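What follows is a set of notes on a single structure, which appears directly below.
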Amino acid sequence: MNGGGHSLLDLGTLDRLGQGDSAIHRIDARAKLAVTLAFVLCVVSFDKHAVGDLLPFATFPIVLLAVSGVPVRFVLRRLAIVAPFAVLVGVFNPLLDREVVASVAGIGISGGWLSFVSILVRFALTIGALLILVATTPVPALGRAALRMGAPRVFVTQLLSLYRYLFLLAEESRRTLTAYRLRVPHDRPPSWRAFAAILGQLLLRAVARARRIHEAMLCRGFDGEWRLIATPRMSGRDWLFAVGWLGFFAVLRLVFPAHALGLLLVGG
Amino acid sequence: MSHHRVVVEAVRFAYPDGTWALDGVSFELGHGESVAVIGANGAGKSTLLLHLNGILTADSGRIVVGDLPVAHGTLTHLRRTVGTVFQDPDDQLFMPTVFDDVAFGPLNLGMPEADCRARVRDCLERVGAWHLRDRPPHRLSGGEKRRVAVAAVLAMSPDILLLDEPSTGLDPRGRRQVIELLRGFAHTKLVVTHDLDLVLELCPRTIVLHEGRVAADGPSRTLLGDAALLERCGLEVPVAARPCPRCGFAPGLAEG
Amino acid sequence: MHMADALLTPEVGGTMWLVSGAAVAVASRAVRRSADSRQVPLMGVLGAFVFAAQMINVSIPGTGSSGHFAGGLLLAILLGPHPAFLTIASVLVVQALFFADGGLLALGANIFNMGFVACYLVYPLIYRPLAGVEASGFRRRAVTWLAAILALQLGALGVVLETTASGIAELPFTAFLAAMQPIHLAIGIVEGLITVAVVEFVARAEPGLVDPAARQTGRRVLAPLAIAAALISGALSWFASADPDGLEWSIARLTGEAEIAVPENAAHRAAAELQGRAALLPDYAFPGADEAAEPGWSTPNAGTTVSGLVGGTLTLLLAVAIGWALRLRRNRLSAWPR
């Protein structure tokens, strides 16, 4: 189940944000994709009870948010919409793991609470970083980046043509659903029968469109190979962005500055 | 001068269900001519267009584009010579960005990247859409989409342009821009349309199709003023060719 | 039933990435070799179709809730397994990007659960042999229905297995399984009915669209399956040799966790709590003591936990302050007349 928040509006907002312009938007998509992947890997590689060590990682999404001008409220709202699955699965941790592992100001903290909070922090960090990546990078640029980083051409072609027709078909399905709603007395989702009929119509229209697209492609010399003009090389600034953040993650992952800081204040 | 001409001779084509979409269509287009094809829905206009760019193959008859007959072996040549602007630009703009879309054709023709970049820029500037180059097609207005579609076809440097309903779905300003754009091209043009006012502005000659046959072929001013002919073919006299309700002055007849 | 990054370890997420990545590579090669240029726009538009279909809720009878259409089996029937797999994979990538469903690391697992299972397990092993080649009939409808249900059940099982093998969530295997399978049975029944109805609808309007793969040989379809099996067993044995306790621990979780999950009695809990409160000033340990991130989690050290929490919170505040300053600077710059 997808959390139910699949609205055309959100789709459009994120797409529009990605088309924006800022210092972050101008960074090469390859650099951003590589850094985000490394970020996610670093975050999930921590011990299941890690909370303190994870928090400094928030610097990455926060700085990107600040510099890019992507609205904070948008990212938070999106996070709230997709949270239920991780929360539902994680919420049992405090009930199942009650061994007290630490105490702060006289209140014992159980391992379960710690690992539950850890799940929430992981969730916010990984999904937040991904949302910011998409909100600062146009999808065509991401596709090219994936191609340059070794993804199969057929698959990238598929991704980009899906992206091309996503908005069109989403709009078509919205119109069909509106037409359906106007003719039923209740406001419930369609039954499977009605849904199948709607789907069949949409599908036949989609197939007809694919046929017309193919004709248009043939008219412009299509021979089965999808060609793209190569992307320019990464600039010095792109490299700086990539190397800088990767170095920062490495420090956070290997040196645990949070501990050092905490020791200085609490245990010093 | 002869190699930008089109000859269509007794072309017949039946759909798989057996109905004749084209039932012996013949005409000729001269170099640099701008000709409209009009007719009611189902008259065979779009089917005719799909024959001229080699998507459909006639059951009988002959089509010659330039100096070569349309046949399986000449399709590559044909698609360089004939550029088709389809009715729905969403079908035609299938690449993720405007730039990629215009570059699609030249890259398929094997053009080197540097030349291709220059060609894309040139074509987008000709339709006044260079500033849209990084946009994905779904973020364009109807008129912008149409102009980019035209640029994508121009990028193949065709000699002959086929246009299917170039003004449908456009607001008045978008329609005006497209008309001015097309008027500026010296190509041989064949325009399939329901927009008869556009015909009067753009095409001196008109071919009327009716039930898969050529019902009339002549100067647009004359044919579009012929109420009986148009009525018979499921059409009506365009506003611009109607006699003035006040003074009775009929522009079509005056010039024809 | 999207798997989430937060519930996965890099080992499990990475293995699933490898499997799905290899399958995408194999499928891409197969599609490229088929050299039918009509496939390119058809796959793109059908991907958008599945995406659009998932934006409509459908009510699940008897439960009062609603669900989404997964569409894996439908695509396999319409396109054949390789193009269908690539199409579903692309839908999941775009969902991860635009709707934040799952996340980047979980993408491998999600492509496996919702694409691989339908296209490379259920379609070639269940649907194809049982449905037969004849175009209609009760048997075909029944097989389509059951195959759609099975695809969803196996996908849900995948979620449970991946979550449990990661061990980030404490939820015991059996309890999670008991929650996931019935929910997805209800959804699967509806998914199956819809798949049957849409296939019938399409077969009536355009018979050529249904089962184009039925006329091709099915042998190469098994290649992704073999590769996946090899990769998963390879990863399992590698982790097992690197950390024997880890695997044992995983298997113990899979089989015997239910007993451990029995709630402790109140007295025990109170005692534990008291003990926790009594330890007012736990010993501080030096950083790096619990660096081991193997699946057999070490018990967290109390000292490092507290200092880490304090330090982490401080750095978080610092990061927010920096972000706030950057945003202020940005706003001032953009407000400045240029």
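Just so it is clear, A, B and C label the chains in written order, and each chain counts residues from 1 on its own.
Convention: a residue touches a chain if its C-beta (ideal position, glycine included) is under 8 Å from a C-beta of that chain, and two chains touch if they have at least 3 such contacts.
No experiment lies behind these values; they were computed from the predicted model shown.
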Overall pattern in which the protein chains touch one another (line/ring/star/complete/other): line
Chain pair, A-C or A-B, that carries the greater number of C-beta contacts: A-C
Chain B-chain C separation of Cα centroids, rounded to whole Å: 49
Cα-centroid distance, chain A relative to chain C, in whole angstrom: 15
Distance between chain centroids, defined by C-alpha means - chain A, chain B (Å): 43
Junction residues of chain B - those touching two or more other chains: 94
Shared-contact residues (touching 2 or more other chains) in chain C: 41, 44
Contacts with two or more other chains, residues of chain A listed in rising order: 15, 139, 160-161, 163-164, 166, 168, 209, 213, 217-218, 222-223
Touching residues on chain B, where the partner in the complex is chain A: 50, 53, 55, 76, 79-80, 82-84, 86, 88, 90-97, 99-100, 103-105, 107-109, 113, 116-117, 134-139, 152-153, 156
Contact set on chain A toward chain B in their complex: 15-16, 19, 138-140, 143, 160-161, 163-164, 166-168, 209, 212-213, 215-223, 225, 227-230
